[in-house]
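Each structure below is given as structure tokens.
Here subunit A shows up in two complexes: once beside subunit B, once beside subunit C.
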Partner chain A sequence: MQQNKWGRWGVFAFCAIWFVLTLFPLYWTLVTSFKPVLFVTSGPTYLPWIDFTPTLKPWLDAFSGERGDFVATFLNSVWISVSASLIAVILGSMAAYALVRFEFRVRVLSGVLFALAGIGTYVGLTQVKVGEVYAMATAFPVALAVSVIANRFPLPGPVMKNNDVVFWFISNRMMPPIVSAFALYMLYSKIGKEGMKMIDTYWGLTICYTAFSLPLVVWLMRDFFQSLPVEVEEAALVDDVPRFRIFLEIVVPMARPGLIAVTLITLGFVWNEFLFALILTTGDWQTLPILLSGQNSYRGDEWWAIAVAVMIAMLPMVLITIFLGRMMRSGLMLGSIR
Partner chain B sequence: MKDRSKYIFIWPAVLVVLIVTLFPLVYTLNLSFQYVRLIPPLPPRYVGVDNYAKLLDQARFWGVIGNTSTLVFISVGLQYVLGLGIAMALHSKVPGERLFRVTFLLPMLLTPIAVALVWKQIFNSQFGPLNQIFTTFGYPNPPFLTEITWTYSSLITVEIWQWTPFVILMMLAGLQSLPQDIYEAAKLENASNWQIFWTITFPMLLPISVAVIFIRIVEAFKIIDTVFIMTGGGPGIATETLTLFAYQEGLKKFNLGYTSAISFLFLIFIIVFGTLYMALLKPQLEKRN
Partner chain C sequence: MRKLFTGFAAAVSLALVSAGSVYAQCKPQAGMPDYNGVTLTVGSQVGPYIASAMKQGGDSWTKKTCGKVNIVEFPFGELYPKYVTAFAAGEDAFDVITFAPAWTPDLAPFLSDMPAKMRQTEAWMDIHPTYRDRLMMWEGKHKSQTIDGDLHTMHYRIDLFENPAEQAAFKQKYGRDLLVPRTWEEYYEVAEFFHRPEKGIYGTTEAFARGGQQFWFFFTHAASYTNHPDNPGAMFFDPETMDAQVNNPGWVRALEDYKRSLALAPPGALNFSSGDTRQQFAGGKTSMNFDWGDTGTVGTDKSQSQIAGSVGSDLTPGSFEIWNHKTKKWDRFTRVVRSPFMAFNGWQAAVPATSKNTEAAWHYVETTTNVENSGIQVITGGSGVNPYRYSHFDSAVWEKKMSPREAQEYLVAQRDSLGADNVALDMRLPFYFDYTEVLEIELTKALAGQASPQEALDSVAQQWNELTDQFGRDKQLAAYRASMGLK
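Let's turn to the complex of A and B:
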């Protein structure tokens, strides 16, 4: 695009202003986390050693466990987000690969049969005084079996292809999380009454985060797999190499940049998530966002402490951003963004 | 390719998503037709569409929808304009572009709760840095989070700060995929930058713009974190959003059937909105191509 000198300066100034606006809040929090009490309540100060004398006390306080158990909560967050995103990326990329390389046909009518069989079995079982959880646990496989078998027969009605399956995955992202968070809370407490604790457990949160990350993974990885050349795989197929080995030994290495990027994005998504953690934990398995929101309510204006908490939650994400930014610069992610 | 192994590839993911997302849908729908309260613990009974009728009759519900829509539409609109502008600036190879790019991405990946806490300090009307600026201009202690108009501006500022990066990211990808030869032709015709933007860049970016705005609106409607921290829905209930309202009813008052009805109406609202949005914009898109 042609531009005169003033135009270029204007564009630069625009970017520079946005740059400052982006970084200022973060800088502010960073310096606040080193401020002694006196310099918080006496009005805003900006420059360490000039405006105020920095101190390490807020950080030491945080790790001493005085303001909630940061270490344990941090580890909870790490465990849950790492495992949920790894499981989601493994399962999701398998599904995405299948959706790129194979053809699927799902008959709409078999979906209807799924619903009918599921509801029928459930209502039937609860009528004969089977517990709700057990009724559900029976109804689901029954419905699944009915619809899978039905799908093999040439039923009338429209047939859904791969794109529709992908759309089904993505449409789950559109669902307001409160719908599922609330229902999962009810389900988890019902399962808990049958003796299996789900609320405030590692698996309770991990399963739920895995499921809600999967749509994103399938969507991004499908684009990525589509951009891979098919020839190598075809050559291997001629040699009768089983599909799973092709996937692990040829496709996964080729898709590594995409897999790393998607894992990091998922990791960030789980790390930052608030609503599910708020509803599905009560103490032991709290994640960082919950601990942070608690700091807000009973720590009022103790900014130095809040700033430390915020920095602890943000730091891993800053590292991830820098890493992702580098990957994008080398053009690795452009394909998958679109 | 006939291959049995394809089922091994796809079933695990389908099963997990099916169990965790389909169940809540059915369960919530069923619950929304019942009267269930945990406190006092009465046996649940079916009440038909009573919950829905009560909701639609309640001014607070419509207020909540209004609050959420105000927040969503203003902030997404501004995010789009700003994001497109910044993406174009980055695309024109502004000096320092590499540094800008990574930095501009940052807010989007930060924990919304943490971001809200940061901004709550900045918006503090006594000790915050923004107050200092306002004071030098002769307006000390603005009610950033205590007066309705100010509160909305504050929340919208945070939303813009955090989510404009997403628009930048997507629009930049869109800009990079545009064919270069059209621009060269336009240059030969001596078209002005303004003309080039309105006749080439903007129309060609329309499909991705439609998608980006759609994603942002759907995501923005789910907002709870920022509001939860910064205002808690206040002053009064002036900034209560849909998700916050449902949360309060469900997990504070344990009014389960009612909450299910709220979440289900929310879902219906999103579906209707999505369908309308696509139906209205699809002919536009096809006409241009």
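Let's turn to the complex of A and C:
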């Protein structure tokens, strides 16, 4: 009994130490954001009003626009991350559901035909002086139509199935983003010169983030949908309920915890993304990570300003995680997967 | 409901009409061009440094011309790729860019020329010739406007240097008076004297962190030993062959000095950037430092400093001996040769050729940097703007911020450095960052004791020569000679 008691205290002590270790960086950032400059650089101080006299100056500097436009970049981050996450989760969930409930057979040769038709159309059109952007816009649907039609014929060669398609999705995230970042910049730039501005626009960033979030959404939602009981859907099918209604009214509610979890992951990815935001914006639609990075100026690490920026960037994600986390846990306790 | 909707629509319409009328009412000041409807996009690093000055100038320009200015800010490390990417793609993303002079060789092909009428005013002649006739030019054309003067000056604590007990103790120990050091040897003597870690006071400090502007501090040491008055432009490379000079005995002595500073610096100094050095000095932790003019403005500001009222300034120390790369010998002079280093060379503003508002953009640059606006920026702490006009040296303005003695010494140090016979210009070379990156890696190794100063600098020299060959020796040589004002 005595040994058991000591064991419990040991576990408690370990948890307490772990608690302090994990929360201390957050506490340190928070107090640093209220420190006068002299107290940041003249040795460690820990407790406001005891070690140092707190000041609101770093916060006032941030919101006065002196250290960049925090309000505008914050709002940009909110609009873009929420839009891109929702679009990616809606599209990705449908794709994932289809990959779980329907069998796909994609012939490799039709893929090759896609490439050949796409490149051929593009080259052909540019030869007859059609602009690059219009040629590309025409080549893609032509290639898609050719490959879809070709896939209906018994073409020779290997056939890819659902798992291969899922692997293809996730393989899009295997290469470092910088590989596609400059290509995307050039593409957006060319589209912009044809009159449809993409660089430094809401849609430019939202489309980019949606595209880069989709593989992860498809991959994760596929696992969630696979764990749902197919019997409920089969019962609905027997009653002649259309497939799309089954998806919206039966599958989506049952997959709510998964959808929330995936939304959170996507939101986190888009909220914190730096590279595309840096390359694809020039000012109007700049997002928070760019401004946060800028607080580390060429004059060195201005920790008081960095701490404020970090707090501003972190707070929404903490609040959303707490809120959606509650919904996710309550969702786990409901429905037919209980 | 209908009434409510009608009322709401009427209110919105009224608001729109009144907003429109306010817009329409904007009249440019007398003699100023009308830039109603023009919005300029100005690229800058994230504020407050430089960006706040561009904003201040923007507000002034808006009042005068009714044009608008949108300052877009990027992390300093991303500015160069941002500009180059936009220019290479032919994007008209910026109407004005602010940039480091070291990038001029790379950016110049994409920049418009400064209009001739900007160079025919009294305000033009007020700009110090080092900037006006050297740093604002590239290949014989005025491509940019200096918006900040940058050079290193030395700072010391008057309260320590003029303390009778300290003076007596110093004289007893070294047999000479405790004076503001004129040479690096004297500088380290004084630093060692005041180095009292047990009391929380350290001799000096510099930026030692990789990526924290360390190499500019090292260059300041090197200028004293390598910027030979008889061999102009030979500090970094041989201006005849473009062979790297960075491993000659002058540079090695500079690196030995730089390491000596590290031993006399506060704990953790290996991670100090320039911002940290001025905070350490303003916090009363070091007896001396050398830095851009910001140590002066921060150190004398009571809200940021514990030593306000005691900040003395002077030129950075010099040397009796300078390495002659032609004779491969140390030349000894009868007087101390001061070689103040124009670290960073001062921020520049320019108008890209892709801008659709080049005339308005140059007018904005001219307004932002005129005598009146730059005079405000230069005494505003945190603007990052240091003196670059003769009018900036008017001590009456500075005495609003500093004590008369602090202002006097600060301005004399700045003005005399700028006007020094042997002032040393910073490098301006295509692919500048490739060269400095190599240097930073090797400097960090030397500071960490992983390589001796000679080994580290031999490695830098070898890599600099390889880079020069890779980028084209003739092309680099022509650019280097142009940047050093050699024909």
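Going forward, the second predicted complex is superposed on the first by the 289 of 338 C-alpha atoms of A that agree within 3 Å, B and C clash if a C-alpha of one lies under 4 Å from a C-alpha of the other, contacts with A are read in each partner's own complex, and residues count from 1 in each chain.
Rule of thumb we're sticking to: contacts are C-beta pairs under 8 Å (C-beta built on N, C-alpha and C of every residue); 3 or more make two chains touch, one makes a residue touch a chain.
Fair warning: this is a prediction, and the values are worked out from it, not measured in the lab.
Asker: Which holds for A:Q295: it touches subunit B only (first), subunit C only (second), both, or neither?
Answerer: In the superposition, A:Q295 contacts both subunit B and subunit C.
Asker: In the overlay, answer first, second, both or neither for which of subunit B and subunit C A:S180 touches.
Answerer: So A:S180 only meets subunit B here.
Asker: Tell me which partner A:G258 touches in the superposition: subunit B (first), subunit C (second), both or neither.
Answerer: Neither partner.
Asker: Let me test your reading of the model: by the given contact rule, A:P58 touches which partner, first (subunit B), second (subunit C), both or neither?
Answerer: neither
Asker: Applying the touch criterion given at the start, work out whether A:V37 contacts subunit B, subunit C, both or neither, answering first, second, both or neither.
Answerer: second
Asker: Taking the superposition as given, does A:Q286 touch the first partner, subunit B, the second, subunit C, both, or neither?
Answerer: After superposition on chain A, A:Q286 lies in contact with subunit C alone.
Asker: Examine A:G68 and indicate which partner it touches, taking first as subunit B and second as subunit C; both and neither are also allowed.
Answerer: A:G68 contacts subunit C only, not subunit B.
Asker: Of subunit B and subunit C, which one touches more of subunit A's residues?
Answerer: Counting residues of subunit A touched by each partner, the higher count goes to B.
Asker: Where on subunit A do subunit B and subunit C both make contact?
Answerer: Comparing the two interfaces on subunit A, one with subunit B and one with subunit C, the shared residues are 40-42, 182, 185-186, 278-279, 293, 295-296, 301.
Asker: Could you list, by residue number, the parts of subunit A that touch subunit C in their complex?
Answerer: Residues in contact with subunit C: 37-38, 40-42, 61, 65-69, 182, 185-186, 189, 192-193, 199-200, 278-279, 282-284, 286, 290-291, 293-302.
Asker: Considering only the defined contacts, which subunit C positions touch subunit A in the complex?
Answerer: Per the stated touch rule, the residues are 41, 43, 45-49, 51-52, 55, 70, 72-78, 82, 85-86, 89-91, 93-94, 207, 209, 212-213, 272-276, 279-280, 282-283, 285, 294, 304-306, 382, 384.
Asker: How about subunit A: which of its residues touch subunit B in the complex?
Answerer: 1-3, 7-8, 11-12, 14-16, 18-19, 21-23, 25-26, 28-29, 32, 40-44, 46, 91-92, 94-95, 97-99, 101-104, 118-119, 136, 140, 169, 172, 174-180, 182-187, 207-208, 210-212, 214-215, 218, 237, 242-244, 247, 268, 271-272, 274-275, 278-279, 288-289, 292-293, 295-296, 301, 303, 306-307, 309-310, 313-314, 317-318, 320-322, 324-326, 328-329, 334, 337-338
Asker: In their shared complex, at which residues does subunit B touch subunit A?
Answerer: For this pair, the touching residues of subunit B are 1, 3, 5-6, 8-10, 12-14, 16-17, 19-21, 23-28, 31, 82, 85-86, 89-90, 92, 94-96, 98-107, 109-115, 117-122, 124, 127-129, 131-132, 161, 169-170, 173-174, 176-177, 183, 187, 193, 196, 208, 218, 221-222, 224-225, 228-229, 242-243, 246-247, 250-251, 256, 259-260, 263-264, 266-267, 270-271, 274.
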